[in-house]
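Worksheet for the structure shown next.
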Amino acid sequence: MEKLHALALDAGRCRHVYADRVMEYVMDENKNSIIRLFDVTKRYNGKLALKDISLDIEQGEFIFISGPSGAGKSTLLKVLYLAEKVSEGQILIDGMNLARISSSRLPALRRRFGMVFQDFKLIPNRTVYENVALVLEAAGEKPSFIRKKVMHVLRTTGMDKKYKAFPPTLSGGEQQKVAVARAVVGEPSIILADEPTGSLDTKSAQTILDFLMEYHKKGATVLIASHNLHLLDSAVRGRNIEICDGKINRTATML
Amino acid sequence: MEKLHALALDAGRCRHVYADRVMEYVMDENKNSIIRLFDVTKRYNGKLALKDISLDIEQGEFIFISGPSGAGKSTLLKVLYLAEKVSEGQILIDGMNLARISSSRLPALRRRFGMVFQDFKLIPNRTVYENVALVLEAAGEKPSFIRKKVMHVLRTTGMDKKYKAFPPTLSGGEQQKVAVARAVVGEPSIILADEPTGSLDTKSAQTILDFLMEYHKKGATVLIASHNLHLLDSAVRGRNIEICDGKINRTATML
Amino acid sequence: MTHFVKKAFADIRSNRFLNLITIITISLSILVVSVFLLFFENASRVIESWNQGGRAMVYLVDTFTMDQLPDLQAKLNGLNTIDEMDFISKDQALEKLKNDMSERSAFLKTLKGNPLPDALEIKVKAYDSFEEIQQIAKDIKAIDLVDDVEYGQGWLGKFLNIFNLFKITGYAMCSLFFLIALFITANTVRLAFYSRKLEVEIMRLVGATETFIKAPFYVEGLLQGLLGGVSGLIILFTTYLMVSSGITRNFASYVYFDIQFLSIKTIFLIIFGSTFLGWFGCYLSLKQILR
Amino acid sequence: MTHFVKKAFADIRSNRFLNLITIITISLSILVVSVFLLFFENASRVIESWNQGGRAMVYLVDTFTMDQLPDLQAKLNGLNTIDEMDFISKDQALEKLKNDMSERSAFLKTLKGNPLPDALEIKVKAYDSFEEIQQIAKDIKAIDLVDDVEYGQGWLGKFLNIFNLFKITGYAMCSLFFLIALFITANTVRLAFYSRKLEVEIMRLVGATETFIKAPFYVEGLLQGLLGGVSGLIILFTTYLMVSSGITRNFASYVYFDIQFLSIKTIFLIIFGSTFLGWFGCYLSLKQILR
């Protein structure tokens, strides 16, 4: 395994044609890993945002990504979600190599994720309800199911009374709650939450965190990126990955 | 004074034509007040966001506005900034009644404020430098002065290396730093900061807070709205106003 | 399918301003093209009517006698290029001349005998070019009893050629206007979509398939094109009604023809064209926005 | 001032796509109007040339003798409506007639003496309507020695009236096309600005005055209009060069006139118009965006 890994890293570096195959072989060895990163590097116009990140995340794990502003937390989540392409290295999601995902299979892959964007990314001219329902509509769910499910999620995040409002008329915290509701409405197996409580007061933050933890308990893999270490206080068993200047600084297991 | 105040409140309620005059008379009594709110109520489509807020803020004071998500913190700052009109009540800024400000005098008034918006409100297709310089250009400053001043402020907030970047390519925290830089670049006498450290890690937050405090020490009136009570730990002498559901819940003096 | 149509209608409602501008632009573009088509169709018709089916005079030799007429007519019919013919004897012709020139007929009175020849007035079958009618005249002239053929050699060539030039210009301008309408509409739709770039981006991020994202836009584009085309034609028709009634009232003396509205065929062509416009604009925009 | 121009240029650079579409739309709109103007100017010129300055024949009474000519000419000049006159004696006229009718002059040979009257060929000063030339003819006829005036009573009225109708239609269509260009351009500029609404809103929030916000937009609008107009004319001119050389080469036999490009005056008018378009579109958009 160690050797193969080194080989894979090498392959990743020189962009060898067989690199992808090797990755998948490596994958086979660790059936429980749902997300694997090998030497992932991301450059924006030549400037590094992520540098040689290697990571193995098991199905159902809880990961807390911390680090100062500009460390690369959002970038890490974005490359996992394929909202950005990596510059170097390989990412395997559930055995699929992201570099080899065809654009026609991308939507289906994304529906397995639930992403809370740091800037929310709500459609301004659609109501709260429509924004959340969009995910289920895109997945081709039945209207009656959509209605029930969306209202349920909105109720849990405390936004059911504002379901007719348009995002720009909401307060910062309210927008964040809607973003969280949208991320989980599709019952994703992986939840990526970028600063999901940054605009919330302590009480609301706890509610949202508990809500995400519920999905975690149901078996979802949860990655939360935040600079707010206080969130760790209430976090369950999991790992804390601290990144700084694009590199993994420290990994700690929380018990 | 008490009586006049009551009279003014009355006037505000019944929208009497002489109300404005009364306000200004009241104003005269308290020369040190730079911001005065009388029974301010703000409704959005009939729903209350602020209810009967009365407040007296002295020149050079430091005010910390706290409260849960959706309490009305942003709305309070927005009505002061005339980004929103009040539904009822009167606001006096430095003796001027906001209800009687003509639209031609509005820009000059706004330049006396420095506002950090909760959603940053940076122009996406202008660089960081251009976004900050805009305030000084609008004030008609000399190009050489603008260059020096903008770069100075960017250096202090730690964004000087990214002055050529466009806001959407910045991390959340970086965008916030630019928003703070833009708010203070015009040396405003009143600084309104809505959640100015919400996207920042503890260290950056402290830097930004210290930066704002410097302006406070130089004599600026500073209002910070945030749900993060930890900020209070490092705050100077000032007042903490807690609002909840649009009403002032509690006022405390910090020593 | 109904889902996409429903969504398209919802989108049109929620982006009223953008849609209105797009529809207005399409309808104005259609208006330009159809105004020109209207002008061109009517002008063609009028000019065509001036050129009344190619009448010509066949003058016969002096030695012609009436019993040679059936033989001559048979020969002319044998050419297969003549529709009608009327015999005009020299006496009828002189009579007509005297009537026509009533004011200066004094000079005709001085004539001894009848200097005019017998003649056949013929109507030539449809022809397209000056060369064709020249050939027909030549064939007729080759017949024994025919002395000369007069078919307006001088002005007819000129007229036909200018008419052909007018037709070419007309078709060229129609195509040009259509192309311009296409460009302008496509660009307007693109601009309108440009401000919805964010919406599309977010939809993709949330895991919507390309079909799911694109279909409502296409339905919207087709609807915009259809609405634009129909309203453009309605504007044209209203204007037409006002103008044509105004013309017949005030300009009766100027006008020797009715203005006719576009033919049903052209109307359908225009509506089809504008629907295509909407679709095409949508296609271009989506190609640009969606990578 | 230079600040605003500089900023406008920077804006054009940073909003390349929006500006490109706006400029393309303006130039195409200008193209439609100017193609039509070109067509119309040339058609007018050609039709005008058919109507060669109103020539007419004044036939004199039989009793006319040459020594009465100066007196007659003086009287005609006294009317102040005649530009040139040429005396054509009855002998000259017969000679000319024989030449013109060479083929059928046999019939003229049978004439005893000369049945034709003496005549004056005159050129009438410019006139606008059929009524006017009718009046002029009446005045001339009232002179003693004049027997009759011939000025193509039959076809001239028809022709002039149709020409006038053509002119009216032409002006109407020019105005219509201009209005449509105005609408389309204004809407395009509005759409382009619509996607910059956020920018304007933020500028206002930051304390920029209306002038500070608006001035660069206006400069931009003017520049767009100017660029659009100039490029529209350049497209037209290139097409004109190609078409006109093509026509003279291939259609030489069809064409009895040169196609001429727009007059300098029209060119300046068009450029002015398109700059106005840019400004007006900007004005409308700003009025909408800025409350």
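Chains: A, B, C and D, in written order; residue numbering restarts at 1 for each.
The rule is simple: a contact is a pair of C-beta atoms (placed from the backbone, for glycine too) under 8 Å apart; a residue touches a chain by one contact, two chains touch by 3 or more.
This one's a predicted model, so the numbers in the text were calculated from it and none came from an experiment.
J.: Going by the stated contact rule, which chains contact subunit A and subunit B alike?
T.: Chains that touch both subunit A and subunit B, as defined above, do not exist here.
J.: Tell me, which chains sit next to both subunit A and subunit C?
T.: none
J.: Measuring between Cα centroids, which chain is at the maximum distance from subunit A?
T.: D
J.: If you average the CA atoms of subunit C and of subunit D, how far apart do the two points sit, in angstrom?
T.: Comparing mean C-alpha positions, subunit D is 22 Å from subunit C.
J.: Would you kindly tell me how far, in whole Å, the mean C-alpha position of subunit C lies from that of subunit B?
T.: The answer is 68 Å.
J.: If you average the CA atoms of subunit B and of subunit D, how many Å lie between those two points?
T.: That pair's centroid distance is 63 Å.
J.: Taking each residue of subunit C in turn, which ones touch at least two of the other chains?
T.: Within subunit C, no residue touches at least two other chains.
J.: For subunit A, write out the residues touching at least two other chains, lowest number first.
T.: None at all.
J.: Assign the assembly's chain-to-chain touch graph to one of these shapes: line, ring, star, complete, other.
T.: ring
J.: Any two chains that touch count here, so list every such pair.
T.: So, checking each combination of chains, I get A-B, A-C, B-D, C-D as the touching pairs.
J.: Which residues, counting only subunit A, touch subunit C once they are in their complex?
T.: Of all residues in subunit A, those touching subunit C are 81, 83, 104, 107-111, 113, 115, 117, 121-126, 134-135, 137-139, 182, 186.
J.: Can you tell me which positions in subunit A touch subunit B when the two form their complex?
T.: 44, 67-70, 74, 118-119, 169, 171-174, 177, 195, 198-204, 227-230
J.: Contact residues on subunit D for subunit B in the complex?
T.: 3, 14-15, 198-199, 202-210, 212
J.: Hey, which residues of subunit D end up touching subunit C in the complex?
T.: Listed in rising order, the residues of subunit D that touch subunit C are 17-18, 21, 24-25, 28-29, 31-32, 35-36, 39, 46, 59, 103-104, 106-108, 110-113, 115-117, 148, 158, 161-162, 164-165, 169, 173, 176-177, 180, 183-184, 187-188, 190-192, 194-195, 251, 253-256.
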